[in-house]
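The next part holds the structures, each set out as structure tokens.
You will see two complexes here that share chain A, one where it goes with chain B and one where it goes with chain C.
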Partner chain A sequence: MNRTFSGGIRQLGASFASGAASPTQITEHALQAAKVASHLNAFIRLTPEVALSSSNESSFRYQRRGQRSPLEGVPIAVKDNYCTKDIPTTCASKMLEKFVPTYNATVVDRLIHAGAVLLGKTNMDEFSMGSGSVESFFGPVKNVWSKDFENDNWRITGGSSGGSAVAVASGICFAAIGSDTGGSVRIPASYCGVVGLKPTYGLISRHGLIPLANSMDCPGVLANNVDDCVSVLNAISGPDDCDSTTIKEPYPKVELPFLDQINVEGIRVGIPEQCSCEGLMPEVRDTWVKIADILEDNGAQVRRVSMPNILNSIYVYSVLNQCEVASNMARYDGVEYGHRASTAASTEELYAKSRSEGFNIVVKTRILAGNYFLLKRNYDNYYIRAMKVRRMIFNDFKQVFEKDGIDVLLTPTTLTDAPLYREFVTKSNRDQCALNDLFTTPANLAGIPAVSIPIRLSSNCLPISLQLMGNTLQENLLLRVAKWIESRVDFQGVAPPEDLRRMMEIMISAAEKKTS
Partner chain B sequence: MNPSCRFVILNKFDKIIVRNLTKVAPKKSKWQSVVGLEVHAQISTNSKLFSGSGCAFGSPLNSSVSLFDAAIPGTLPVLNKHCVELAVKTALALNCEINPVSMFDRKHYFYADLPAGYQITQQRAPLARKGQITYPVFTPGVTKKPYYKTVRLHQLQLEQDSGKSLHDDLAGRSLVDLNRAGVPLMELVFEPDIEDAEEAASLVKELALILKSLECCSCKMEEGALRVDANVSLHKPGTPLGTRTEIKNIGSIRNVAQAVNYEIERQRVLLDAGEEIQNETRSWDAASKRTVAMRDKEVQQDYRFMPEPNLPPLHLAMDTASASNEELVNVQAIVHAMPMLPEDKRKRLAEMYNLPQETLIILVNEEVLLDYFTQIMDSKLEVPPKTVANFLINDLLTFCNRENISVNECKISSNQFIDLFKLMQAQTINLHYARLLLNEMHSHPDKVPAQITKEKNWEQINDPEKIEELCRECVKNNPKVVEQFKKGKEKLLYALVGDVAKKTDQRANMAMVVEKLQQMLKS
Partner chain C sequence: MLRWCYPCVRPFREIFVTHKQFTGKAAKRLFCSKDQQRSDTALAQELERRRTKIDFTEIKYPTKVPETPISCINLDKSPDYTPSQIVDSQTLQLLERLSLVDLDSKEALRALEDSIEFAEKVVKIHTGCVRPMYTVLENHPLKTRPDKVTDGNIKEDILKNASVTEEDYFVAPPGNIPLETKEKKFD
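Take a look at the complex of A and B:
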């Protein structure tokens, strides 16, 4: 039942090192694959020039045995809300359609420093506001697992990092960077059948990540498997002077043992009873139960725990997110950068028109709501109360991790498998988020690490995933358990019918044959 | 009331206000004035509060702007630790309670020179609270006797400055300079404990002296390094406070007094006429010496304060236990390194030299005068401290006023002053020539006063024989005056003395001349 994939980052590095394949070859394949998969709309922009020139450099370094890290020469896609020097960074918004940053986000800098190849900037919900990747100025992202791509009959990817999830799921690249504010990495990972990690808040720098809600924003990793996820995490985590909210102490790199050395004996797994709730698809529930059973059968102590406040996360989130959005979006006034309305009789009119033209309705709605919550007369009743409930949610986690001695919590990532686009868009953005984000927002509010791992396919032939949450800075333990589960489940990491991943494998093996 | 109507009324009252203001002693009023000050002091640092850009005054437009200052998406604030140290220093000097943990907030409003759409400030948990300042109220020529006043400080907070908008009305466009955006400020909010304009101006004066001795702020009001807003209201004693107005754009310490005075009088006239005071922001117009309503500030703003999520709470090391954490600003270390404050200097001067309070205040107010004074006194001359102080305060300041220079621009060296007093002490020159020497020393800072005196032939005539000769000649030339003197008009002695003075270009030793003349005339 082991899920092995010849395209893993470690194996890729080995074939680069042995000369069986070269970063340039793989990058060319990846760019080709991205073109083949252009109907998925995963990328807002491919960066072939940058990718080819850096892959050439990587190839050169491998030839001289001077590879910088396990990511050397590995094609990686980055969500289009990370600033990339001299490469447009749009946040999938008309407002920033022509915005070209003059600096790299710390995450991007570290990837480059590690030798990774930036393949392109991925599609997303405008300013990350959404959980479906359907709210992009550049059009919605389509799930690679869809049976039908016509007439709105396709499946959504989940969001807001849908482009990053599809880029990995379709085999275009080996890993992608997303950002997770309320589940924006884990939800698309879940719907697209890839691993999605949201680490501890403060472990990865937010410098250069265009914010949604600063107190919850967390850079995250999407990859084919847990090991790949770790390789990327290790390259980008750690303190950053440019982000005062990063954890100051250097974080030791995550090192996972080989599979045969991992067991779950004695691991205390908590099952939050509140997550067994209305709207949970029976197949998802069954999957959840089954994994809990497998864990228990293998010596883990699986326990039901009560976290009375966690499902209130969605309400807290809908207030705090809106408030931070209202504040963060204030800078887009058309003066220094971004969309500027053509006619303006006064400064006020310039603001109003530029903002009215530049933002979509979701962004505008959140700005309006957030400003309402922040009004002097409403602040105590909304913001302060939401902060109090946030504290209660945090305390729920504290209780289970510190008092009940739980090591990891196991929940579904989403209520269902990937919804159909035409059904999804009948709901308001608020309801879409309320449904999709239900199990994911608590980790953002508490700042704890969480990972979504694909488990099996539903009767719709769509991925079903589960979420593991751990205590602050317990990435090592969390990912060890994730890796163990990954090895035990029957998840076919192949997305039919658009089998781009297989195409990549064929290309790699062809390259291998050629060199041998 | 519509705005134009209000304007008419203002004009109607304007003459009365101005007339009342020019009266030497305004008549006792039934209205009690209450004044509160809000001061923004630019912290003297090389770089901005949250970014690495420089904050030198007068840099070319938009040349000190980092990505963060321009609110480029994705950039984050990083707190400048030196600003925190200087703010703590100020808080200690103003006897504040320092918060071991303070926080930053966002204050939102749209303005072209505020690129982020919010200002980062400290609203809920400021760096320090509950301070107080005790200072002398004394303005020569305005207040009669110096007295001490205590005003409470409500809070001291760190915040960033905005940029500057430059409006080109002719071309119909506005330009923005972001050099100032993000420059570190301390906002000091004082309680409305002040009763009149002189108390307000003296508070600003003392605050500026304190900040300068701490090296926390240049206090150059003309550069905007120190900005004062005044809240003014009037009420009848024993009744609640009246509606207040806020005065902005006050450009100098004297303007503080003038603006507050004007506003008190304006409100008094309106209230006496049964009008209501509008809660509004008014601007001080230094040219017309009036406060005028600011149109764009009329709408009440809701600033929608929110905690700044990108900055963790600001922790300070309050005791030695927490001081081992080098990340934190160490309050005890700052306590131990506090310099002398203006009031300490006054006390020390009073103890050492027994000078009158007025003199102490003026000396300490003018750093240059104080430096001259201490250096002259340190040279162990036999001149009484009071003589030195008076010469500096009266003669040097008069000279500077006449030359239209500030005392800081005076080029005279302390050594020249020491020599000057030596010459006076040795009777080589008299006060008249000492005054003239000021001009020469200022123009030739390299010249020794003795040399100037010699070259100019300004030496006093002290030779008794010469004096006698002069007096004799004077008596001979003024028979009528002498006659009248002898008849009892003794005051006419000074006419004769004056004559000698005139004859000798004031070089004759007047004490000797008086003595000699008396001797001659009485014999």
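Take a look at the complex of A and C:
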């Protein structure tokens, strides 16, 4: 039996410090909760030994009042594409099924240094290539908000960091690390009703993050609330000698004022008109309209802005992603590491066989398509042109932030609430991504920070979230507005998944009674 | 640490027990032990009240979100849709040789052709004299570090993940033999 908390990381730390709870207790409990929730398939691997030994150390440090940071003793899950020393890191692929890194990713190192407890490695789409967390070698992740977990009637989590989102949404851990290349943190955060932050490109080191598309890959944070997000962000951000693409200028830690000191008066909020598109679920649109209205009612200047190229992002992203994938995946040949085919007569045959056996069909198709775009005869027409349109999208953002003086942009995160698995898998991976990534890829192409915050429940009793985007390195402002909205909508107090199922049962049985 | 107790619509604050201890059945969920279980109707009412706390249909100001959809991303395909981009068998063999992965089914070929067709949208965008953007950090100079060895003696680490090694070498079958690719027929 354990004591536990409804509050966030800060309250948890206070309880540790006062002795009301210990990191060991909480970690044991988190491991137990993960086992209880194993039907969700959120974890590829739990790391009980590592977790318990580091939580013991944390408990000891609290006793001696030597805690290292606000994250000391807090259980955190990490997506399985971050290298963890002596702990298998698979990218949810057969290719890396037996891969055991010999070093820690910088993000993991910094978490450990901050005293956080690594609970396990979370499930994802194979090599992050997907937007539903349904393409894992270890089976799909199920959304904790589903009413039914059987017969493909469950809801998808969104992806590719679906396991991390579910680990937080189901209450197993306080925060989780994901990675966001085209929306892979924000989409699952949106579908699972948690906060998902993709910071500025280069703010967090990618060292040890197994790459998908280097020019857009960005580590991200999933947590129950904005404050928790900030605690984790502050622990892992900042320049890193091992990653030359981290921003080298000193960056002050994000510090959010207390709620009563935050107001949105005078904040200029942009509504990109192009984001009002066909296929947007009416309830999502209503949510978007209402939150803009609440902001305006509290003194924010809400303005409609035009970003003509913003929805071309999915096409540009598709080309750039596949080109970078074709290059990145070339490292997997089965010789130095990764899956190796058992027999082959030549080196090239060994490469080809190992790769054919090790990759799923999505990965293979992206490699082939990428190499098609990179053929000499296609290079200018596809790859170079995609990068030109990328600049046009970047310029759209520059225009609104610098010339129009917009502070934050408000858009939906996804077109709908979480789709049913059986409906989702009728579409091709290509179309799944295009639909899910529509509003999220622009931030990756422009390298700007964006956060998804849960707002309300749809009539299906599933989370609906909105996205805020800010200018480069404006995390402070962005998260301040996010925190304000969060306090207004009080999503965490709306309806927790555990109760939801109960409520649905009651409603269904009531309806049955009526008809009979 | 499931945040919410199933029967009582309240965050856990007190000691709680597993499902098994609570109901005697197999462990599936976690429950508070102290809080009293509320009646079903009270629970439904409470949740409905929370769900409708904010009225999302009522707004005070004329909305800045366009009334009618501005853009249209049409991804619905008819069942008999076939991509207009055709990858001929010669190109396919070239791609397989470059990629060192095989394309093993008609569906995979369709997915490839579909990807190319999707990318055609980019080709149609008028870009004028815009410069390509390789990285968003183009205005940040890359930091170089002194050309000094910072690690070493990690031979074991480097060889550790290889399936086959011999006397501190990685092992591969004979090289310089081009991969044979066969013409594909998926009918």
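Definition applied: the second predicted complex is superposed on the first by the 484 of 516 C-alpha atoms of A that agree within 3 Å, B and C clash if a C-alpha of one lies under 4 Å from a C-alpha of the other, contacts with A are read in each partner's own complex, and residues count from 1 in each chain.
Operating definition for what follows: a contact is a pair of C-beta atoms (placed from the backbone, for glycine too) under 8 Å apart; a residue touches a chain by one contact, two chains touch by 3 or more.
Remember, predicted model here, so these are calculated numbers, not experimental data.
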| item | value |
| --- | --- |
| Superposition-derived comparison: chain B or chain C, residues of chain A touched | C |
| Which superposed partner A:Cys83 touches (first chain B, second chain C, both, neither) | first |
| Chain B versus chain C as contact partner of A:Leu368, first or second or both or neither | second |
| Partner chain in contact with A:Ile26 - chain B first, chain C second, else both or neither | second |
| Touching partner for A:Ala14 - first (chain B), second (chain C), both, neither | neither |
| Chain B versus chain C as contact partner of A:Ile262, first or second or both or neither | neither |
| Partner chain in contact with A:Tyr379 - chain B first, chain C second, else both or neither | first |
| Touched partner set for A:Arg430, first chain B, second chain C, both or neither | second |
| Touching both chain B and chain C, residues of chain A | 99, 102-103, 215, 241, 244-245, 248, 326, 333, 335-337, 347-348, 351, 371, 375 |
| Residues of chain A defined as touching chain B within the complex | 82-83, 89, 91, 96, 99, 101-103, 105, 206-211, 213-215, 241-245, 248, 323-324, 326-327, 329-331, 333, 335-337, 347-348, 351, 371, 374-376, 379, 383 |
| Contact set on chain C toward chain A in their complex | 1-7, 9, 11-19, 27-30, 40-41, 43-44, 47-48, 50-51, 53-54, 56-61, 63-66, 68-75, 77, 87, 91, 94-96, 98-105, 107-108, 111-112, 114-116, 118-119, 121-123, 125, 127, 130-137, 140, 142-143, 145, 154, 157-158, 160-164, 170-179 |
| Chain B residues touching chain A - in the complex, by the definition given at the top | 67, 70-79, 106, 108, 110, 112, 115-118, 174, 176, 302-306, 309-312, 327 |
